[in-house]
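The structures come next, written out as structure tokens.
In what comes next, subunit A is part of two complexes: it sits with subunit B in the first one and with subunit C in the second one.
Moving on to the complex of A and B:
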């Protein structure tokens, strides 16, 4: 076989793989949307679920919970991840300690999420005495998002060309100022991609939340902005089922007659929410990057 | 029968290029002086005991074949070798009576006074204005001062007219030569005493190179300049003093005119005439 034929075969293989991937994605998304879109209307998006016996209602609180939990998790994950990533990329000296930290991060990121959930149940739910709560869920999600975040911040920082670093040092700019004003802006696109990936895991995660944020949502009064009130949607110490958890619960143990419809609608809503979030986050990231680099 | 002319050997070294003539002798002040400077990269002994002065308001060129230690030596002078893991610099670097090669020296502070321009233009991915204003702002320059500093620095490197209408556009859209002049402007914006240039023209086309060379001549009125060059003609054209490095040793140091026309050492002559290197 000559080189040209081999080249054609290889090209064909790569194209097929690409088509396969896109095909699977399109098939999945269209399946979910076709089955779910019919269920989605304004009341499904905004209303609370109806009775556990007769069904009806919507998934409004669950949708809100998903976003609110995302914000809580990211409020904890982003500062910690940035700190850890900056330390690993800029300050950690190669050696036994650094290797050990890196190993720990890898182990942490490979923990099954159900194990993280059970750990969360022990520590964040029972030991702290908070009970099933959003904060416990956010902390459990932080546990398995943190390694991803640290890794991505570290890699984005080390990928900044050496010349940029040297240029800044040569001007008498200190290490910390160089990190803050030169390296982080340059690494921002990578950091934002990582944040989006981590956020996607928060949206989609169910196992780690079953035993931490809980499978129920109390009746919420969306006009109540008092953080401490149990009916306030903003109270981080209330239990909160997210969309993903709700889908799992309705499917697994729901006895309502419209379980199928609710699950399909909620799935479609989740996919759309993730899509919108990704697009907005990317656009925002590009905007910030452009502002910082004036490019 | 045509007369054959035999060339008498050894040939007098007659460089084909212009050599800058020594300045009128005036009292030269030593701006910086290294004493027995050694650099090690791990096991490699990269610079072996160099004693070299830089005189105020002159241009000193470091020449020599690749890997001779000239760039490594240059990077000692503003402690940039600190940023390379495994690099060790021993010996003294005297500036204003202080040995700056000590751990107690604040390197950020030092580098404000000893600026550096690199081989490849490395503007920040910020606007032209921000590239220059970045460091002075961190050291507390006001908005009004910054506008003045940016304009003056860009005028000094003859870039002002080319970029004044797009100061707030990204610097990465400039040509290579413009980027390098921007980097020089960025260095002089801090008003340093010494500017170190590490092969500043090796990534530039001949016209941009010419502009940078002119600029160096202009800048020595205000600054002391050390320039690493792998181009002998360039060193001859623009420097007042030349140091020839080989294998980590400083082989010869002297006035450029003297070193190029009448080198004291055989190795220098060999290198200059192209018999080696």
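Moving on to the complex of A and C:
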């Protein structure tokens, strides 16, 4: 066989790999959507799960919990991540401490989420005495979301052109003011896009939540807005199962008769939510960039 | 500015130029505060990592220091935490799970590494314009799909297919490998694309100028030059596969025995922890052994991370 024939065979192989991967994704997404969309209707999205024996009902509380937990996590992660990212991009000098922080970022972001969940179980559930609670879940999610956030902020800040920074310094503006007034606004599109993409990851996470936010959701009264009441959906100290945890639980327990339908519908909801996150992240990043650069 | 200048002017007699040359104290304080606040945020990462290591380690070694079981017992193949004393139990051997975790990880890597590297080459060398435009969003979607959804699809599609074609229950090593290899594919591809793109164009042009075909250029130069980056992607994928809990637990069948073939059910460290952590009482030997497994999981993941650091350190070609 001459080199040209081998080259053609190799090219053919590469094409088939690409086609295979696109095919896998199309198959996955269409399977999820086709099976799930048949289950999803208004009552599935809003109602609480039915009783264990009869099945039925929906995933309303789980959907709410997913979003509420995401908001709680982001409330903790965004300020810390901004701070850490600014430090790494602006203040960190090459040295032991910086190397050490980088190592921490690397290790924390690649830890198995189940290990993070177990750490949360020890510290946020048992030592604090909160029991299974949303706050414990949010803190556990912060543990592996924070390194990601720091990286996003750092990368967006270092991508700001040097001239903007220097122009600011040349006007006699201090470093901190430059960061707040020049660099952060310039880096905002990148930070927002990254944050929303990270949100998608938090939204679908389950393993870290099994033993922190818990696998059950107490009966909720959506007219109760008192933060301290155990039936209030806003109480951060109540246990809460999210959509992803619910999918795992109905399949693993296999008790309820319509486990497959519930899981299909919930999977479709999750995937749709993450699709929306991705699209919004792209669109918002571009939109803000256009507004800021007045182009 | 003016206020501060007035305040200073009343206290001492300095010329205007001297006053302007002096930094404002308020500014300096804000400056310091800013730096300290961000430094504290960065320290949060270090503190979190170390408390995590400390807590998991101290819990994980408790069965051994409290003389509940020995290391030899833990690294044996006999698992029977609820076996009665007449049966000689209870047994706390976790070796089958450690091997199970390694088996699914290796299996998924063997499937996924060639596919992932192939796709990365396709995106950079074969069809850099339109191929990338199509595959980039595909990869992002694959990353975005939550692991429970992968598990659920494995449960409803892959397991029945295996059951019908290969026989057995369907749940088992093979199902786990298939699910995991799809899950780690995007990691391998995206790290691989970065690695290949980082190679200077001159290397390729030199090869083409000598009359080499595209395959010769790719296989003898591009892949070889990008080896550290490609390896990083593969090891990152392995780390992800090794630590994945729910998707694996849903499809591997959860049997504590060593499998004799690919289609037999097995258990992994993550699946045993996931299934039993909630059902065992805190402080019992059974529960503590689960923490030891978490420690093993943590240590092997750290090993992967240090392997990556080692690979990327020698990056010259």
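Simple rule for what comes next: the second predicted complex is superposed on the first by the 253 of 295 C-alpha atoms of A that agree within 3 Å, B and C clash if a C-alpha of one lies under 4 Å from a C-alpha of the other, contacts with A are read in each partner's own complex, and residues count from 1 in each chain.
We take it that contacts are C-beta pairs under 8 Å (C-beta built on N, C-alpha and C of every residue); 3 or more make two chains touch, one makes a residue touch a chain.
Everything quoted here is computed from the prediction, not taken from an experiment.
J.: Now for A:30: first (subunit B), second (subunit C), both, or neither, which partner does it touch?
T.: neither
J.: For A:167, using the defined touch cut-off, is the partner it touches subunit B, subunit C, both, or neither? Pick first, second, both or neither.
T.: first
J.: Does the superposition put A:7 against subunit B (first), subunit C (second), both, or neither?
T.: second
J.: Can A:43 be said to touch subunit B (first), subunit C (second), both, or neither?
T.: Touch status of A:43: no partner.
J.: Who wins on subunit A residues touched, subunit B or subunit C?
T.: Larger number of subunit A residues touched: C.
J.: In the overlaid three-chain picture, which partner chain does A:101 touch, first (subunit B) or second (subunit C), both, or neither?
T.: second
J.: Going by the contact rule set out at the top, does A:229 touch subunit B (first), subunit C (second), both, or neither?
T.: A:229 contacts neither subunit B nor subunit C.
J.: Where does A:293 make contact in the superposed view: on subunit B (first), on subunit C (second), on both, or on neither?
T.: The answer is first: A:293 touches subunit B but not subunit C.
J.: Examine A:128 and indicate which partner it touches, taking first as subunit B and second as subunit C; both and neither are also allowed.
T.: A:128 sits against neither subunit B nor subunit C.
J.: Share the list of subunit A residues that count as touching for subunit B in one structure and for subunit C in the other.
T.: 174, 177
J.: Any idea which subunit C residues touch subunit A in the complex?
T.: Contact set of subunit C toward subunit A: 27, 30-31, 33-35, 37-42, 44-46, 48-49, 51-52, 55-56, 59, 115, 118-119, 121-123, 126-127, 131, 134-135, 138, 140-142, 144-149, 151-153, 155-157, 182, 185, 189, 212-216, 218-219, 236, 239-240, 242-246, 249-250, 270, 273-275, 277-278, 282, 291, 294, 297-298, 301-302, 304-305, 309.
J.: Enumerate the contact residues on subunit A facing subunit B in the complex.
T.: 94, 161, 163-174, 177, 181-182, 185-186, 292-295
J.: Residues of subunit B touching subunit A in their complex?
T.: Contact set of subunit B toward subunit A: 78, 80, 83, 85, 107-113, 115-116, 118, 120, 122-127, 130, 134-135, 138-139, 168-170, 172, 183, 186-187, 190.
J.: What residues of subunit A sit close enough to touch subunit C in their complex?
T.: Interface residues on the subunit A side: 3-4, 6-7, 9-11, 13-15, 17-18, 20-22, 24-25, 28-29, 31-32, 35, 79-84, 86-88, 90-92, 100-101, 104-108, 110-116, 118-119, 121-123, 126, 143, 146-147, 150, 174-177, 179-180, 200-201, 203-207, 210-211, 215, 244-245, 247-248, 251-252, 260, 263-264, 267, 270-271, 274-275, 277-278.
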